[in-house]
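Think of it as A, B, C and D in the order they're written, each chain with its own count starting at 1.
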């Protein structure tokens, strides 16, 4: 079976595993106070060219979104996201669980348009008072989006400007950030993100960590007692070293970016093969996730050799499926796919 | 430095690490649906002699307590615990975060007395209605307790009977369960716990896992859609394999119990040394955590060679400290301690 | 000034006031346990021809929606409503405050279509599992809707059938129920509502009460310890008599319906006048709220003599405004309006 | 039957009723924006000699405690109260419902001692970090307390000083404030309370209002968007006039204080009679609630003529009962009691 169903079905990247093995017998402080969490934070501050950054490590994406959003919103505020945003549809109500509404804007291939945001805010603050409505308290975007698409530097700048004007923190979900940073034609790098957002996270799990996401508050704006907030969410790991050691390694010798680049190279080959074979793309994704429209009748056939993800119904006869490369995809996988198709 | 400060400052037990290494390249389903989670569940059902058990894996103790308690209580109910219970004092309000009160009973060296529970319930249901009070909805105990003490089978039976009578689920927090099961004179084994409680968890993190606790619903009583509940708590691990592989190994060839036994043997030596040297025990703990009353003036001296945990102020001149053995403590550590003291 | 801006800007209906005055010196049990709450419940059971009904009184609409929905949903469930539903937009996130998501369906002049509901549920339960999504746990509709429209008996029956099939409680928000029951051509009466819904409320505040809504659980399905649930929402009135006395009077000699009928008669006159004068209706509302599209340039003029509510922007040059009759509108008000327009 | 069971079993004070009748036909803005709410606020600012005060009206005590506390605490904070505090025992978990823990200190006849508070805070901030504990975020006291007792000005000053030092808002629950202000030997008046606390509320319901409590933020410290916060708690009354009109009247010609004085005069007579008849007091209460220890055997006898409240079990043979005067108690009630006893 050729595995392209997602980017989290294999274990841990060999170099991260090696780092875990090498540090295993060290006695290290618990709860994120260890040497490796500290050093990984320093390396991230350097990589983002953001000396004021404050870094914290959490286990997974939904947890990170939940903790960050709940820690920044006032009780009467909600978070703005596009309708297809992960927090809006695929986190089982983790945001609402903390008492906050997800306010939705239209999705443009997974992205939020600055004009939509501006007009929402103009309407909200425009006519009369809105005391009986949920106040917009921050903006959530993902990069890459849930559809693999990327914001351009200009698009991010436009969103950031509107956010700043309305004092809304801009939060970027980077569950697959490494794949975004490595995309062929992106003009968005880590420094840009650190500059334009108020908080973002650098995804680990989908980039080859066993678990772990690095939250970066970019403006010295980490909420007071953030550790206690993490704890009362049930999200404080006793062995925070698990995250520290892996992120320390991710940010040594550019490993994080290298992993991204390899997956993108293979994704580009994947796209070429699919195009060649006449497959129809649902949209043009520059990252590791590719969305293809397939005749329902062909799905069973494909499934015999290729593991893919069902994404959504396209029409009565077609289905959108996802094929993803990852840190663990090999050239042999791609060659195998070419042979099978 | 000799490390006795706690049982979570070292990495992962070598055999668990080996299992992680061996399975690392396998492609496995995410979110706890993998082969190892399934097999570990089966092994736990066997080890607890509880064929109706339903097992789920979570990352850490506070998270487990939060998810289990919130999933079992009705909105107007609280959870009963002793005043020193972990959920009552050291989880930063993780239970209240989910909307539920922790109702406290007196602590007897960390334990709940059946007579206290009975009289609380008699009072509550006794005179008039209590519509303006928080209803007791379940009972939480820890075994070993936060003070290292253990319930006897008779004590557990008494609590369980009262719970059954009032239809209150009995939940046992086994963050350090392996150390309790291995204690010299306990008459409480896994089967007993599975029989007497409605839900309990088998602690992994403090027994040598990188992270991971196995929740066991013993009576086919896992709440409906438990995976979704875990997800909306932000607690669903993408790579659930991390827990599955470790627990599969824990429950192969009795590793879990062997780890417990070794730590208990060393704890018994530790106790003997301390007794020999004239140290005063705060209470008699049969497990891996030992609580000793030390003159404040001697603390700095001790700290030069031995890492311990501050526990609590005893009086103006004395402090209670904790010395703990763990899965990673060695005979050399104990010998070192003997030499130092 | 002629007041048509809403139906809650005047005090209390004279007959309700009289009842409050007459009972004022009686010593009555607190917290809803008084004689009048009991008698009002009995009268409501009779009026709804629903002997199994369980009735409880709350202060206002948002509070009622919050308490009822939170008391019926499981923690991982959300409530389905149309996008324009009161709970979705005008309750400042009161539902999310209790941890639950409002899942939205398209609005058809304020109404939910059975076909939309059916297809949402078919999609949700259709393909694969939805463990990472919020589960639909109940259906919320309002009658009259926020746009004054009404369901037909057939439409309610269709919704109820789908709900029953999926074991989803159907909740009808009747904040303005009396105006709906009195509409000229409706085939929906109290008995029909009691039969087809699982819970609904009979609005008091907008029908002339000082405060008060009567929640009716129609199938013996009032959640256990509902009084305690109300209390922990901060919603239990010490002087529940305030609600009991008013609803007792509402349901004596058909006062509730008479109030509705008078407001509807005047609303029909209002519609005729507006139509006569060439006003354009936003939609055809058979109840006390009328929505009219007005040139922005004419608004200031109108506002000199007539108090109306801004509803929403129609286009760059037009605005939708609301004109409402109520229990306190008089023939003189209508005549005055005719003169002014 | 002579009614001394509580202070909320009769309707509304005749002068408040008169004010409601007189204003009933006025068209007034909804949601607390009406003329009477504004004027009542101004009168309260004057009566408290607190020009910076911000006033808001809510329906009842539990609701007020819940909204105020939730609006002031950060997510990781709890509220300090004595063990017998209303929020700790008799609000069905309304504080925990909002995600916050009630942290308890010993009760001294219902009062919090400044020394207890100081030592709690010293311990909390003293040794090491407390990242895993709930942070104290504000202090709640009631005046009169749940046992009818009162703080002296010195006691309030001492608490206020500690609170200021630790930047903890001090919140005073004045559900029965009028009875406290009117006590014979109190040196605490409204101005003192406004000066020493950060927020308090002036109880209406138990002083003769149909419903209504006036929250006073004394230092210009009303949380941003407080109306929206009230709304998302489900606590915003459409006809806020109900509260405005009554409080406007309460604070005209000193009615509020006069009501208090009359109830206290009668309570003093009640005490004298009870003392005379050899009844044993549970404690010395200077306000309208009196707590008496009665032989269980005598209770049924008493209950034939006198309605009282069961308070708590004293010992196996005795019960503590409460006898309360109120705004509606008359000299005839007292004379009747004298005759009966």
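FYI, a contact is a pair of C-beta atoms (placed from the backbone, for glycine too) under 8 Å apart; a residue touches a chain by one contact, two chains touch by 3 or more.
It should be emphasised that the depicted structure is a prediction, and the values quoted were computed from it without experimental measurement.
Ranking A-C and A-B by contacting C-beta pairs places A-B first.
Farthest from chain D, judged by the mean position of CA atoms in each chain, is A.
For the pair chain A and chain B, the distance between C-alpha centroids works out to 34 Å.
As a whole-number value, the distance joining the C-alpha centres of chain A and chain D reads 50 Å. Chain A and chain C have CA centres that are 42 Å apart.
For chain D, residues touching at least two other chains, in rising order: 75-76, 91-93, 97, 99, 131-134, 228, 231-232, 236. Arrangement of the chains shown, judged by which pairs touch: all-to-all, with no pair of chains left without contact. Remark: chain C residues 1, 3, 6, 8-12, 14, 17, 20-21, 23-30, 59-67, 91-94, 96-97, 205-206, 210-211, 228, 231-239, 241-242, 307, 328 touch chain D in the complex. Those residues of chain C lying in contact with chain B across their complex are 31, 70-71, 74-76, 99, 131-135, 224-225, 227-229, 231-232, 236. Interface of chain C with chain A (complex): residues 75-76, 78, 89-93, 96-102, 123, 127-128, 131-134, 310, 313.
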